[in-house]
Each structure stands twice: as structure tokens, then as C-alpha cells.
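One chain, subunit A, links the two complexes that follow: it is found with subunit B in the first and with subunit C in the second.
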Partner chain A sequence: MKVVEFVNIHRAYKKGFDVLKGVTFSIEPGEVVGLLGKNGAGKTTLIRIAMGMLEAQQGEVRIFGMDPREKPIEVKRRIGYVSEDQILPPFLRVGEVIDMHRGLFPDWDNDMALRLSERFGLSPRERIRSLSKGQARQVALLCAVSHKPELLLLDEPAGGLDPAARREFLETSIQLLNEAGSTILFSSHHLTDVERMAGRVVMIHEGSILVDSDMDALHEDYTLALIPRVNGATTKKIIAHEDCLSVRERSDAMHAVFRLDPSRTAAVLERDLGVTGVNCRNVALEDMFIELVEGQE
Partner chain B sequence: MLIVVDPHSGVPVYRQIMDQVKFHVATGLLKPGEELPSTRALSSEMGINPMTISKAYSFLERDGVVERRPGRPLVVKAHEGGALKDRKIEQLRESFAPTVRMVKQLGINENEAIRILIDMLSSASAGDTDRERENEK
Partner chain C sequence: MLNLLKQNPMIRTLPRWLAVSAVPVALIVNLNMGIALGYKQTFDPLVMLAAVWLSFTIFLVFGEVTRCTPFEMALPIPARRLWLAHITSTVISALAILVVTVGLVAGGVWLLWRLSGRLMLPVDEMGGLTAHVCAGLFLAIAFLQNPLPPLHRLPRSGVRVVLVMAVTLALVVLLSKIGTWTALIPLLLAAAVGLRRYQSVPRVFTLFTADAGGAKPASRDEITAGWKAHAAASTPRGAVFARLLHRTIFRCFYVGGKRKFSPWLTFPFIVLFGALLSVVDTLWFEDSQRFLYVPMAVYVLISFTAQPLGALYLVDSLPISRRRVWNVLVIPYVAALLAGYGLGMAVVALRADTAGKGEVIHFLQGKSDGNTYLYVPASAMKIAWDSEVPKTTSPWGETHEAWSRPLHRWSRVRLYSPYHTPPGSSLEFVAWQISRAVEAVYGEALNLDEIASRYLETRADGSVGLRGERLTIQKDNPHLRRIPHGGPVFPFLMGSVFVLWMLASIVYMQTLRAGVTKRTQALVMWALMAAMLLWWFVPFVLAVTHVADPEIVTGFLVIVFGRIGASAWATLLVWGAAIALSAAAYAFASGRFVRVEVVREEV
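Presenting the complex of A and B:
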């Protein structure tokens, strides 16, 4: 059974301003999916729809086969959720927040909560308001994972954290994956983190899915071609090619992304567009993201 | 563990892991019979998706670099016959590939390229003897 299913999700905040314009994808058990997109692309909206915090105006969402708006308790019990703007009650002590969560989840694993608390160096007497941003996020993570959720929804969980705290967060999530076999959907602007953690990438641009691909395939079967502005190739001609996903005008060259490996891309450029001597290469996720997103405008 | 992952390289993480294990086997840093860390341990330690590690490990097994015995950790396979030499040569060929492309791109004559390589090799071994002399002092 699929853990998450989005079918043709639409959502607008005001008339004529659509945040999500028909998003469809699903997630199998144990998958780790990185959700990418510029600010305002609709990532948070989508995650909130999965949590049942927002309603889709059109389309269907199923979490463990259930509608999160119809069965909020059954669904939330099996989910762990952390977001950048999540607010814990500032006047409570760390221990009280943890106790509160323990009471909510029948499957709470006390050992795990203790282990994480020790690892993060959290003291139960301390008040939430006196914690640093990183420590507060660690409390939120501890509360989100200690019931060993089947699904972890992380909305920019490492936003605003320093590199060491981010890595710690990443390692804890991976540990949960190892121990509980959880499925993870997470959004992040730290594409190096996504590269380490995700097995699959879904890129959203202006409310629609731009790319949905296995992470390794994105490296091996997608190519960035740096095409010199000579011998008559135009952006129009390049983008018209069926395997071309985006083209971007740069000072002295055009940057095009092809859904082919580098040698096939070079062959296609030569055969179909008559351009030779093109530098075709596999690139890191961050570069790929920028080329794809900026090449759409 | 002796593996570092560079998320900026554009090379898939599973490939980076494979390449580094193969390199360490070829140099002898990882010896036959030596155990590799478990998928879990390595993934937690490196903050990397465990599926990625499993993928790297199963490709290493397919390539005959490591072997899996039921219920035991993955170990480096014994080098049968000339296997170690073959691995060293494979490593070298791979590292020459970009050089070969460069030679072609620059339009340098093959004999000249070979001469440069021989020069560089002999000055590198001269450097080694200098260092040995230094050490003896």
C-alpha cells in the first residue's frame, strides 16, 4: 500500500492565485523523498495538505489510504511532523513538552526519547523560551520521532540551523529510518542534505511538478549542456527538442538540461541541431535545480 | 571508515562509495577478509540514506570486490590469481580517462604526451629517493 498519495491537488489562497495546480505523485513505504522548489513554489502547502492542516480545493490526498481530514487522529498518530515555523509553548519546560507528547502517542518509545535527549544534551528543567533555535528544533524532532512514526513529514526542518546542528538532525532522521523503516517526505533548501538523504527528488515549480526522479538517475541520466553561442543554435530550437527540459541564456553560452546521459546528449546536439564541441556533463543536485528552475522563466 | 562523500561532485553518492572502496582495495589499505561496516552503521555515521549504501555494496559484490556470507558482515574478497594487479590497472585506466580526453582536446601529439608522462614519472621517483635520503639523515 502507498504511504502517501496526492492526486491532482489544487489549492489557491485567493481567487486566481493558485499555489498548487494539479500535483500528482505517490510515495511507497520506506522511500525518502526530497521535495524541492523555490520559496512560494507550494512545498509547505503540499506538506500541510498531507498533515490535514489544509484542505485541497480539488483532488485527493490519501495518507495510509485514509483522508487526513476525515480521520485526523488515526492519521496523525502514525505521522511525525517538524516544520521550520513550528512553535512549542514557550512557557513550558522541555520535560513537560515531552510528557505532553508521550501522553498523545500510545506507541511512545521512552528509551528512544531518553537517548535522543542525551544525544542532544537537552535538560528537562529548561524552559522552551530560553532554548536556542537549534535546541528548540531538537525538542521538536525528539517529539516527532519518539513514537516511531511510519511517516515523517519534515518541512524545511533544518532551516536556520548551523551546519553541525543540521548534520545532527540529518543523522537522527537517518537513524529513525534505519530503526523503524519510516517513510520520509522532506523539503529543504540545503540541497547537499537532500543529496545525502533522499532516494528520490520531486521538484515543484509554480505549483506543478517539474521533475520527479530517482536521485541517482537525476545524476546519471540528466545532462547539463553548455552550448556556445555559435553556428546558429537558438534557445527556441533547443527547447523544441523532446528531451530538452530547460534552456537558460548566459553571457556567452546557453545552458540546456537534457533528459539523456552526457554522451547521448552530445550525439543528439550534433545530429539534430548541428552543434559540435558542446561540454556535456553530469552535475550536482544544486546546479541541476538552478538550471531547471531558472530555465523555465 | 575511509569514505568521504562530496555532494558537489555530480557523481551519484553510491558511485562515490563504490569508487573509494575499490581504490582502497587496490592500494591494499583494505585487505582481503577485512570487514566493511554494516549498511546501518555507515549510513548513520555518514548521514546517508541506507538504500544508497546497500546499492553501493551490492554493486561491489557484483563486481567481485567484496563477498557476502550469510549472517556475517561483508568482507573484501580474496584476490585470486592476478586479481589485485587487475584492480590496480583498472584504477589507473579510470584515472587516465580524463587525461586522454584532455590530450585529444588540446591536440597534443600522442608521443609527446607519453614523453611527458615518462618525465613526470621519473621526476616523481627522483623525489622519492630524495625523501628516502632525507629520512636516513
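Presenting the complex of A and C:
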């Protein structure tokens, strides 16, 4: 059974302005999926729909085969959730937050919670409102993982944290993932983090999926082609090609992303568009992201 | 300066506080003025002073009163200018509360004057009193600036604010008794204290004073020991866990979100309305007036329910049933309402010596024709369902028309007073009618000869007049107690309040979804509250337009409920209907709440 299933999800906040425009993808057990996109692309909306906090106006969402709006308790008990803007009750002490969570989650692992508390240096007497941003996020992570969730939803979990805190946070998440074998869907602007953690990437742009690919395939089977202007090729002609995902004018050349490996891209460009002297190469995720997103605009 | 004022949290939240404090307080004063008018009583002008003071105290204790925000501290603006902006905002807020409270009370006085020709408050004294109120408010504002001048927020505690407000109120009351010119005393004192505070404003405000630093961070050993102790404690289960969970949800609603909405403010109000819906009014007036409090109770409940929902995001990612969360929001208010009702009943029971002892039977000169008539409470009248009002015939055959009034202008149902004494009534007939009225109201007849000799006389023109200033039945017969009207009023009132509250909440919940702006949410909430306020005004409007007399309508309700109370089946039916409708409204609202989308408020 699939852990997460989004089928043709639509969601608008204002009439006529769809944030999600027919998003469809699913996640298998044990997968670690990075959700990428610019601000306002719809990542948070999608994760909140998975949590049942928002309702899809069209389409179907299934978490563990259940509708999170119909069976919120059953779904949330099996999910760990951390988001950038998630706030724990500020008036509670860390110990009280943990007490509340261990009462709410039947599979709560007290040893893991204790281990993490000591690792993070959190005192049970400390009030949430007196913690730093990073410490508060650590408490949220502790609460999200200590009940050994089958699915971990992380929405910009390390946003706003300094590099050391971010590293600590991610290392802990990865370690826990290895221990529990959880499925993870996480969104982040830190593409190096995504590269390190995710086995698969789903890139959303303006409410639609631009790329849904394994990380390895993304590195090997997607090509950035730098096309000189001397060949008479235009952006219109290039983007019209079935394997072209994006193209944009730059000062040095036209930058196009193709869903092909570099050698095939060069051959296809020469055969179909009569373009020669193209510099084709695999690129890192961050460059790919920028090319794809900017090329769409 | 104008920008600073526009951005000031006090000014920005002022409309909300006017609606929560000044409007209800003024309307309660108006309502009680209306009730007092019905009982031929007048009001002390100091009531208005108390109303303004109460509204402003609520604002100071719970409102967003701060010297400047951390954002403003980061801007290149001199601290003194920030301080002046803060003082100006506080003064504007105080004046707004004064204007709204006095305006609404003045409106009520005018309405009642139009209706009855009687001024409930002496208008000529109002100018002087307003000057005293202004001066007193300025003095209180100046005094509240005293502690910790360098701190960016006002280090105020509820106790301190109440103390300062109480002292200034006492001063203003004292000075207002001497003369209008004495308003200069608190005004000059406020100017002196204010000037001194202005001089003590530092170059820059500080976020924390030196003595307000945080505690020393715990060492690794302390943390380990803390966790060991924590782990040794048993996992909260059953009732202990439920208490922790419910307490946490409750606190999230009121003190967890960006906008704190202290239960210390909300719950006393609900208890008060519970008491007003009970028979507590019989201490002064008559219990038929409690029907008029229904829209106000709903108004307060709507405003108090909508606000905490903004903090729902704090618990929404947890596997907690929405119905449980809804229960935590609703049940405490229901409990407070019931507690208030019980408290009202208890107060009346404890004050049995004074409860129901106001004079309610009057023998007064009519406004229009100068004749003297016998007035009884509408609840002591009788109903003519087919508009056929029977004449009243005494045992010796003297017959007169009964006074009657339709339920509303177009109704065939009339309420009539069989105790009417129209012109031409003999002295014996008037005495007999007074005796019957006393029996109807108190359940005990008085001796006719005694009534005639003690209270009545025949005037030179042959008409019957009052010996002395007024009829003093209760005063002369202190053992008399008004007969309680009975009937299932409790389920009717509580059911009405609850069902209307739930329906209004359902309407508001339609706006709780992502994409609906805060402005739209606020507009819907204000519209709902305005609807309740307008409804509250309906009795006044009906009276002014002569469509219906509120006293007749409430009297009719009391009589009908009294009759229902006489039948066990009818009583059960009312209880059953109230419970069924309340349960249905609750289930419907709870179902809507499950679908609400939570959008986190900006922090």
C-alpha cells in the first residue's frame, strides 16, 4: 500500500488563483522525497493537505489509504510533523509537552525521547517560550519522531536555523530514519540538504509538478545545454521540443534543460533543431532548480 | 507622529475593545434605566461615571497597552516621541471609550425621554460630570506611567491598574460632589505627573531591565537529573492525562496565541449574564425583564468564542479530535452561564428579606388625561386570546371597562388589566381593585377599609385620588412577598441563548478557511455582533414606533410560562424541546467545527 497518494489535487485560496493545479504523485513506504519549489509554489499547502489541516477542493488525497479529513486521528497518530511555522504551546514546559505527546501517541518511545532530550540539552523544566528558535524546533522534532511515525512530514523544518543547528537537525532526522525506516516527505530551500537526504525529488512550480524523479536519475538523465545563439535557434523552437523542460536567455548563451543525458541531448539538438556546438552537462540540484524555475518564467 | 499613532496597537485594537467593554457596559446601563423607568425609579448620574470607569479599566487590564513596540525601538525615533505617541494613544482610547459610553447612555436617556417624557439622568449635571470623568481618566493614565520608565512595555499588573482606577474614581466622585471647577484639581495633578514622567523618559527604551534577566541556563548534569526525575514520574494516563490535555487546549485558546484573551476577563462576564438571566433582577425590579438579556448574552458569547479560535493552530497538528477541542471551547462557557444562573438564584434566596420587595403597584396620575389609574406589572395581567376583554364588575355591581393593550399592533391577542380604575370609579371600587391587585401580585388580600382609609381620598371634583405621595403597599406590609411566576423559563432562556450562540458560531466558522482574509473574518464577526445589538434595540424601536410595548410582551411571556408551569406535560415538552434543539444546534456546530481549516496567525 502506498503511504501517500495525491491524485489531481487542486486548491485555491482565492477564486481563480489556484495554488495547486492538479498535483498527482504517490510515495512508497520507506521513500525519502524532497519537495522543492519557490516560495508560493504550493509545497506547504500540499503538506498541510496531507496532514488534513487543509481541504483539497478537487482530487483525492490518501494517507495510509485513508482520507486525512475523514480520519484525522488515525492518520495523525501515524505521522510526525515539523514545520517552520509550527508553534508549540508557549506556556508549557518541555516536560509537559512531552507528557502530552506520550499520552496522545500510543507508540511513544520514552527512551528515544530521553536520548534526544539529553542530546539536544533540553531541560524538562524550561518553558517553550524561553527557548531559542533552534531549541523549540528540536523539541518539535523530538515530539515528531519519538512515537516512531510511519510517515514524517517536514515542512521547511530547518528554516531559520543556523548552519550548525540545521546540520544537527538533519543528522538526527537521518539517523532516526535509518532506525525506524520511516517514509519522509520534506520540503526545503536548502538544496544541499535535499541532495543529501532525499532519494527522490518532486519539484513544484506554480502549482504543477515540473519534475518527479529519483535523485540518481536527476543527476544522470537531466542535462543543462548551453546553446550558442549563432545557430539561429530561438527559445520558442527549443521549448517546443518534447524533451525540453525549460529554456532561458542568458548573456553567454541560451540555457535549456532537457530530460535526456548529455550525449543524447547534444545529438537530439543537432538532429531536430540543427544546432551544433552545444555545451551539454549534468549539473547539481541547485543549478538544475534555478534553471528549471527561471526557465519557466 | 500621525504614523506612530496609526500603527499603535492600542489604536488598532480600539474598536474591538470598544465592542467588548464600552458597548456592553453602556447597554447594560441603558437596559437597567429602561427597567427602572418601568418601576418609576430614577438613576444616579454617577452610574455613568462607573460605566466609563469599568470600560476603561477592562481596556487597561486586558488591552494592548505598551509604551512602544520592539519594531518602533529599532527605528531612529527619539524615545520621548514614542512615549508621547503612547500617551496620546492612551488618551485617544480613553476619550473614545468616554464618547461611546456617554453617547450610548445619552441615546438611551433620549429614547426613554421620548417614550415616557421622563429624564432618567439629570442632563444639566452631565456636562460637569463629563469634565470630572475626563480629568480623572487623565490622572489615572499619568499615574500608570510611574513604574520602570525605561521599559518599552508598561509593567502593569491587573491589581495595580484596579488600585489606581479605584483611587482616581474615589477622588472624582468626591470632587464632583463639590463642584464642576474642582475638575481642575485632577487635571493639574495629571499634567504635573505627566510632565515629570516625560522628563524621566530615557534616551532609548529597553526591552528588559537589569533585574528582569532570564534564569541561568541549566548545566548538563542538571538536565540529566531533571530528565531522570521526569522519567521516574509515571506516564499520565486516564483522568490525569485528560486533565493535562484539556487544560493545555484551554490555555492555548486564551493565552497561547498572539492575542491573549484572558479567561479572567471573559468568564466573569458570562457568569454575570447567567445571573442576569436568572431571577436576580427581582432584587430590584421584576423577573420578566430577564428575557431582554438574551441577545446581549449571545453577543458576549459570540465575541468570546470567535477570538480564541485564532489559536487553534497550536493543537491542530496533534491527533486530538476536533469535537474534543470544540467541547473545551464551549463547555466552560456553558458551565459559567449555568453557574451564573445558579449564583443569581442563590443571591435571591440569601437576600429573601429584600428580594421582591420593591413597590410594583402604583396609583399614579396618567400622562395624557390627568386622571389617576392603578398600575400593576404586566405579568399580573390577564390574556384575552380573541381580543374579547371582559368588563370588571364589583360584588356590589359597579362595572367598568378593563384596560387592555394588544401584544403588538396587529395582534388579536390582548393583555388586559382587570384591576383598572377608569375615571368615574368610586372610592370603594378603587380600594377593591387595589386589594385584588395586591392579592394577584402577593397572594394575600388586604382589608378594603384599611386601603380606603390609608391610601385614598375623594377629591373636590369627585374623582378618587391618592392620600400621600405614593402607594406604599410593600413598605406598610413588609411581610408581603411577590408570588414567583414559575414555569420552565430556565430551559427556554438557556436554550434560546445556546441555540443562537451555536447558530452564530456556525456562520462565523464559514470564514475559518485558508484564503479568507482576516478582514472578512472580522467583518462577519462584527456583523453577527451587530445583529445581536440591533436585536437588543428591537424592544426600544417597537416601543418608539408603537408597534409593541416591551413590557406587555415580556409580561405576556411570564404569564404564558406560568400557565405552562401549571401543567407537568407542558413543562416537560418545553424542557424536551429546549434540550433537543440545543443538542441539534450543538451537533451541527460541532460538525462544522470539524471542517474548519486552520491558518496560523502571524507572530
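Structural remarks
Just so we're on the same page, the second predicted complex is superposed on the first by the 297 of 297 C-alpha atoms of A that agree within 3 Å, B and C clash if a C-alpha of one lies under 4 Å from a C-alpha of the other, contacts with A are read in each partner's own complex, and residues count from 1 in each chain.
One rule holds in what follows: contacts are C-beta pairs under 8 Å (C-beta built on N, C-alpha and C of every residue); 3 or more make two chains touch, one makes a residue touch a chain.
From a predicted model like this one, the values you see are computed outputs, not experimental measurements.
In the model built by aligning both structures on subunit A, subunit B fits alongside subunit C without clashing.
By the touch criterion defined above, A:Leu285 reaches subunit B but does not reach subunit C.
Comparing subunit B with subunit C, more residues of subunit A are touched by C. With both structures placed on the common chain, the touch criterion links A:Glu126 to subunit C but leaves subunit B unconnected. Using the contact criterion defined above for the overlaid structures, shared-chain residue A:Ala12 touches subunit C, although it does not reach subunit B. Of the two partner chains, subunit B is the only one that A:Asp216 touches; subunit C does not reach it. In the superposed model, A:Ala164 makes contact with neither subunit B nor subunit C. In the superposed model, A:Asp85 makes contact with subunit C only, not with subunit B. In the superposed pair of complexes, A:Met1 makes contact with neither subunit B nor subunit C.
Taking the C-alpha centre of subunit A as the vertex, the lines to the centres of subunit B and subunit C open to an angle of 150 degrees, rounded to the nearest 10. In the superposed model, A:Ala198 lies in contact with subunit B only, and not with subunit C. For the pair subunit B and subunit C, the model built by superposing on chain A gives 23 Å as the shortest CA-CA distance. Residues of subunit A that touch subunit C in their complex: 12-14, 45, 51, 53-55, 69, 72-73, 76-77, 81, 83, 85-92, 95-96, 98-105, 110, 114, 117-118, 121-126, 130.
Remark: subunit C residues 214, 218, 220, 222-224, 226-227, 229-231, 235-237, 241, 244-245, 248, 251-252, 255-256, 313-322, 513-515, 595, 597-598, 600, 603 touch subunit A in the complex. On subunit A, the positions that touch subunit B within their shared complex are 30, 32, 167, 170-171, 174-175, 177-178, 191-192, 195-199, 215-216, 219-220, 281-287. By the touch rule above, subunit B contacts subunit A in their complex via residues 5, 7-15, 40, 43-52, 55.
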